[in-house]
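Each of the two complexes below includes chain A, the first together with chain B, the second together with chain C.
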Partner chain A sequence: MGAPGSGKTQVCLGIAASVSLGLKQHVLFLDSTGGFTASRLYQMLQAQTEDEEEQLEALQRIQVVRVFNIYEVLSALQELRDRLSQQVVSSTGPLKMVLLDSVSAVIYPLLGGRQSEGLALMMQLSRELKTLAREFSLAVVVTNQVTRDSSTGPLKPALGRSWSFVPSTRVLLESKEGS
Partner chain B sequence: PPSHFPEEHVRRQNGNASSGTEPRWLLLCLEQPVLSLSVMWAKLLARLEGRSSLKNLEPYLFAEEGSPVHGDVIEFHGPEGTGKTEMLYHVIARCIIPKAEGGLGVEVMFVDTDYHFDMLRLVTILENRLAQGTEEMIKQCLGRLFLVSCSSSTQLLLTLYSLENLFCAHPSLCVLLLDSLSAFYWIDRSNGGESLTLQEMNLKKCANFLEKLVTQHHLILFATTQTLMQKSASSAESFLPLKLPHETDTDYRPYLCKAWQQMVTHRIFFSKQCNSGNSKGFTVVSCHLKRNQIVKRSFNVAECGIQF
Partner chain C sequence: TEPASSSGLSAGTQSPRTHAAHADPLTRRQNGSDTRERPRACAEAPPAGFAPGARLAAAGFQTAQELLDTGPCGLSKEIGISREEALEALQVVRQECHGDAARPAGGSGATRKYTALELLEEEQSQGFIITFCSALDNILGGGVQLTKITEICGAPGVGKTQLCMQLAVDVQIPECFGGVAGEAVFIDTEGSFMVDRVVDIAAACVQHCHLIAEAQQEEDHQKALETFSLENILSHIYYFRCRDYTELLAQVYLLPEFLSEHSKVRLVVIDGIAFPFRHDFEDLSLRTRLLNGLAQQLIIIANDHRAAVVLTNQMTTRIGQSQSTLVPALGESWGHAATVRLILHWDNSQRLATLYKSPSQKESTIAYHITSHGFRDVQPPAVTHSTEGTELNPRKRPRAEEEKQQ
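On to the complex of A and B.
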């Protein structure tokens, strides 16, 4: 989690690059903000290895799906579940990581208004991510925004109390003040 | 249970016409009750044995000495990151470590609805607590842990129904842990539409069945519930006729169904202590609901688990 510009998408790209290149595992990147750029990912891979073939293979192991609302996210996860359940041995190979950047972008439009429906969808998404992680031994990374109670209070994750119970580990990213 | 056998036997003998197979059947019937009685006696002994040892489960956690006893329903309530799941690991470790090493040596059933259960964490705690943390020893301990995951309230209900057989077959299985009971709250609420009865239906059935399991099999139930809602600012709005002292202090707003609230015997509130400068600690406020006794204790979370 972090404020805008604190590097969340960059960290996600870095994670995808190192999992794909270093661990040679497949990655699913769900991009809901339009912040994913293949050229930046390529830059990161180039910095880690000079072998062009390795770079190409690493790029091929990362699948990107652009999702702009909650229903597209849920449908992409359902598709993933179908694929993993059938254990189709194809070029996609065994998937080990799902990155969702960002979860707050797809959930925010649902909250407020008819409270319980939006919250129910949010919890449905968390169910889906958790059961996928448990059943298929995946790692799931999501990015979230931050809010404060007052202008001087501590930072806390967005999406409220119910979402706060969902992640197992929370990492706060902050950009340093100018030196 | 064979208690009905003798009557049935008498009825049949009087009702049926005599046939060649009757004498053999008579003999079978007489044998059955005796065998079953001895099995029942063995189970009762096993239960009584397991019964006495649970008083030392974790004395710091309870307001009253001699707790918990069989039939207790203990609720862990608190916001996120306050140590509820960690406390469950502590309870598991206390239970599954054999008596020779200072534990209770009883079997434990863990129902995971939050998908937060971390086996690595449990193994780390066991390694730190056992004198010889050998793989063999740890495997033996883990053999006393039963773990099941549920991803919806309907699945939870069906799982509980199917667990009944397991409790019958394992007399030393006397602790049931549920993490957490409030995991499906929003989903159930949305599925129930406008009707509160429909919204609470699954949870009510789960609570009723849990009560049945606890009383029939003499279990101790620990369940966690999350603080999903903020306490209402207006004190005029009170959910219970009597305002118990602990509810005014802590951030507690009851939102789960009445069936659950009425079966809880101990409610334990978890919160984080943010001492300036000191290491972060946690507090528990433990309330014995019937006797209205409250006690407050603090603990730390270390590598070996919870330390009071």
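On to the complex of A and C.
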């Protein structure tokens, strides 16, 4: 999680690149912000290896799904679960990592106000991710936003307390002046 | 019906019945010739060891669409299989259908799944919308990118609306000159759109293209120039005026329909997204929610129609412990909406543009000028006839134009 421009998408791309190239495992990237730039990923791969064959293979191991609302995320995860539980050895091969870029982008429009389903959907999403991680031993990486209480308050993670129990590890990215 | 091909699932069948009946993206061709193939696809379903093909036909299912419509519960009751098996069968059918659904449909509604390699190829063939200020194009990586949301923030008078108008003209540059040959939608909330100014900018753009065509003397340049005229440019900018936030929201949510009728639109400009949301909004959490919903809708529009979305934002003051800084308005959560963020600001009397957030470019700052011809570099590139970088107040109509022309 981090402020805008702190590098969350870059970190995700870097993780995807190194898992796909170094560990030769498949990666599923769920992009909900439209920030996935394949040319930047390619740049990162080129920096890690000179071999073009390997770069192209690594690119093919990363599958990108563009999901723009919570229902699409849930159905993409459901489809993933079906595919994995059937153990279909298709072109996607052994999946080891799921990256969801910006869970807050899909959940924010639902929270608050008089809508009560927002919280329920958020918990359903977290349950899906946790079962996926546990049953199929996947690594799940999720990016989140930060908000402020008031215009002068400190930064805190978005999505509130309920979500804060979901991830096992939290990394805050921030840019400090002069670093 | 014509004989089904052995692959059976090819997309381009010549069915006498039209397939345009449904707007539902999951609709397949209501085509009798394929039905024999569908149950076979189910029978090929992996290890479940379950071949309902015959049972499906016996139960009276004719098309894949009926299967999908029935749902797993209905299906399990009809054929007498367990619900899990019905679910699996439907998944296979759905996947097969997705596999041959026309890719050019843009995956609207259906899952948009690609490998990174395919996306890379797509990106490399995509064009940019140039801004005529080469320094700005450089830091943006070629220009304003299609399928992404770009946010332009700045204090009043620094040139946001000028840049938007420039982009609305530049998106129409024909492909042989390096443009994307698209149309533009301009949604104005502040009322700062001046048609006279767009005429100036468009005239300068057309003149620039004429110069290039003369210098290079190519066939398609001449042909393109015939359609690239002032009237044409102005007629392809679709202007909407929204007075408050409900109108703006309505306009954005209605935009996909408009865009599917005008499929050549490659740019959507919302000039002043902050204005309707800033004054008079008591419920801040409602504002955050509305803005986030708006952002997601814009991302969907940008992605499905391969258009660039450009938003302009205002600046507000954040009062820190010891000093105050200018930050973009609409709060922290709005900062995540845009993929690319450009902040325009002043440094004494020089206008600067800083790229604050971009998925593929690094942060940098450049200087620019606003001339009577629009957005330009500080030092004009060494092309003959380009205007000098004189700084004119963009709101004043240029008076000494004719003297400067050679």
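Quick note on the criterion: the second predicted complex is superposed on the first by the 170 of 179 C-alpha atoms of A that agree within 3 Å, B and C clash if a C-alpha of one lies under 4 Å from a C-alpha of the other, contacts with A are read in each partner's own complex, and residues count from 1 in each chain.
We adopt the following convention: a contact is a pair of C-beta atoms (placed from the backbone, for glycine too) under 8 Å apart; a residue touches a chain by one contact, two chains touch by 3 or more.
Computed from a predicted model, the values in this text were never measured in an experiment.
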item: Chain B versus chain C as contact partner of A:123, first or second or both or neither; value: first
item: Chain B versus chain C as contact partner of A:134, first or second or both or neither; value: first
item: First (chain B), second (chain C), both or neither touched by A:34; value: second
item: Chain touching more of chain A, residue-wise (chain B, chain C); value: C
item: Touching partner for A:165 - first (chain B), second (chain C), both, neither; value: first
item: Partner chain in contact with A:75 - chain B first, chain C second, else both or neither; value: second
item: Contacts of A:105 with chain B and chain C, given as first, second, both or neither; value: second
item: Touching partner for A:95 - first (chain B), second (chain C), both, neither; value: neither
item: Complex contact set, residues of chain C against chain A; value: 46-48, 87-88, 91, 107, 111-117, 119-120, 122-124, 147-149, 285-286, 288-289, 292-293, 295-296, 299-300, 302-303, 318-320, 331-333, 335-339, 341, 356-357, 359-360, 363
item: Chain C partner contacts - residues on chain A that touch it in the complex; value: 3-5, 9-10, 16, 29, 32-43, 56, 59-69, 72, 75-76, 79, 82, 86-88, 102, 104-106, 108-109, 111-113, 145-148, 151-152, 155, 158
item: Residues of chain B defined as touching chain A within the complex; value: 79-81, 114-116, 118, 149, 151-152, 180, 184, 186-187, 189-191, 226-230
item: Touch list for chain A against partner chain B, complex; value: 116-117, 119-124, 127, 130-131, 133-134, 161-162, 164-165, 168
